[in-house]
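Next, two complexes with subunit A in common: one pairs it with subunit B, the other with subunit C.
Then we have the complex of A and B:
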């Protein structure tokens, strides 16, 4: 069985991780390890988690996303979840899923802007 | 209520949960459910399929395309020969878990679907049936 994998790339001083449309549990579990390892390797400031391809967010997937954001926080980074589809947002809310206090953005572009603004604000201080 | 078509997916391994989701998505799309309704159905299938795998060590998802008068719908039935649920009312309670999860599987799946029935006998197994009808 073929399953698309998570893509993790470095954009400036951020990591951009893109989830496939319907990842199996092993792929979801790989999200934590791959992103945290890449955070460490590239010494980036944070993680943008692109969910724009994702068609379903069940409780297991949502919990893994929330935990990953928490772990990134422990490492000193910030996570922005980007691009959640309307159907996914509706369904996840009805299911009872929350992503804690993780920041969100409508698109990856907005998430990059958000992260950039924060960066400038930090520099000005 | 007539059954138009049916099939099954065996849930033996963790990857079978994703296979059950794909079968459910294909069926929902074929029956003309919209994007959001399909997401609800597939999410419910994922929660129930995971319960079957996690609590009973596996089982079967039987899917059916239904016609009732003029309404089209689908039914998913998850059956296993696991330990059974001692207190179904308790299992339906939000946040209740015996498996280290978040305890939103059963109540969450019920909210996402139109109908849900649970039959369980301790030591024999569990059968959870959910249905969704197409809105016109």
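Then we have the complex of A and C:
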């Protein structure tokens, strides 16, 4: 059962997941489910979570995002959250969301750059 | 001597006017009402139905005489005013006090709105019998627009002054804060900083507090939240201008800034910002 509102695609050695503007609880749950399944199926280094369309953030969504990033971490991947809007970021601080070591980027493009830097650094080693 | 001459002339003029036939003066009045461009002068009967209409009124409101004569004057008002009973109230006041003046939105035939000044005057004959109302409307849209523009401009300037955010380098935003930070201002700071960060797509912001005299627990908490929110949108905030007194206060208050990069000088902060963006400042060597 895939949710048609979200997309989780593999780009080279990364996963790119995109959320719709106002996801319901089922969609939020599907995000975690599909991302973890994709992490399991593909040999990827991490996840870029594109939140640029998201306009409304509730506590369930916020918690799920933080949890998913933690789970991806346990599976050996790194999460970069991209494109969070100012209003959503303010809500996130009000909700007291903690992202731990999860990195963030202004845009998906910049998130790919961040992931690329890490990639080069690993290769050089 | 000259005063006397003037008096005689004025007296003469008055006599001349008085000697004019009644028809001529009425004709002059009619021409005035019809030709005046800035004012729409109309008359209403005692129930508020339009009795006379002028070219200026047609230009202002878009109705031809045959479309408007005999209709209630509430067609010139926005729906919410009509349902609020504003039109009846205006006539009531005009009938009781002789005059009613108002400034507000009016509606043209095509539904568009304009800002107008309206004076409704009760018309009574020599015996004091009510003959209806005279209504003079003036279109003040241009003045209103100019006022709105000025208001917007001063608000923009005020906002700029409260939270200035300038781009000092591609990808680096500088926010120099001067004066006390109350909670209203820190809220504005958060909103404007996040907005500017995403607008300019800047991954780094320098928040300079050199000009902030003191910091209390609440302000510090607000600053930490702002830095956190900036991180969520994907930008790093470097707190600069941490003077010795501020450093002492922050530690004594037990404010935890361990997750934030802080520097005493703006230069130090700029160095960190450049290195975050993998940029280097190089001196030029002269070859001559």
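Note that the second predicted complex is superposed on the first by the 121 of 125 C-alpha atoms of A that agree within 3 Å, B and C clash if a C-alpha of one lies under 4 Å from a C-alpha of the other, contacts with A are read in each partner's own complex, and residues count from 1 in each chain.
One rule holds for everything that comes next: a residue touches a chain if its C-beta (ideal position, glycine included) is under 8 Å from a C-beta of that chain, and two chains touch if they have at least 3 such contacts.
Note that the coordinates shown come from a computational prediction; the quantities given were computed from them, not determined experimentally.
Upon superposition of the two complexes on subunit A, no clash is found between subunit B and subunit C, which fit side by side.
By the touch criterion stated above, A:26 is placed in contact with subunit B alone, subunit C being left untouched.
In the superposed model, A:106 lies in contact with subunit C only, and not with subunit B. In the superposed pair of complexes, A:60 makes contact with subunit B only, with no contact to subunit C. In the superposed model, more residues of subunit A are touched by B than by the other of subunit B and subunit C. With both structures placed on the common chain, the touch criterion links A:86 to subunit B and to subunit C. In the superposed model, A:95 lies in contact with subunit B only, and not with subunit C.
Of the two partner chains placed by superposition, A:76 touches none, neither subunit B nor subunit C. In the superposed three-chain arrangement, the CA centre of subunit A forms the vertex of an angle with the CA centres of subunit B and subunit C, and that angle is 50 degrees when rounded to a multiple of 10. Once you line the two complexes up on chain A, you'll see the smallest CA to CA distance from subunit B to subunit C is 8 Å. Of the residues of subunit A, those at positions 86, 88, 90, 92, 97 touch subunit B in one of the two structures and subunit C in the other. Those residues of subunit B that touch subunit A in the complex are listed here as 14-15, 17-19, 21-22, 25, 35-36, 38-40, 42-43, 46-47, 50, 94, 101-102, 104-105, 107-109, 111-112. Taken together, the subunit C residues at the contact with subunit A in this complex read 190-191, 194-195, 197-198, 201-203, 225, 228-235.
Across the interface of their complex, subunit B is touched by residues 1, 3, 22-26, 55-60, 63, 86-88, 90-92, 94-97 of subunit A. Residue ranges on subunit A touching subunit C, taken from their complex, read 81-86, 88-90, 92-93, 97, 99, 104-107, 110-111.
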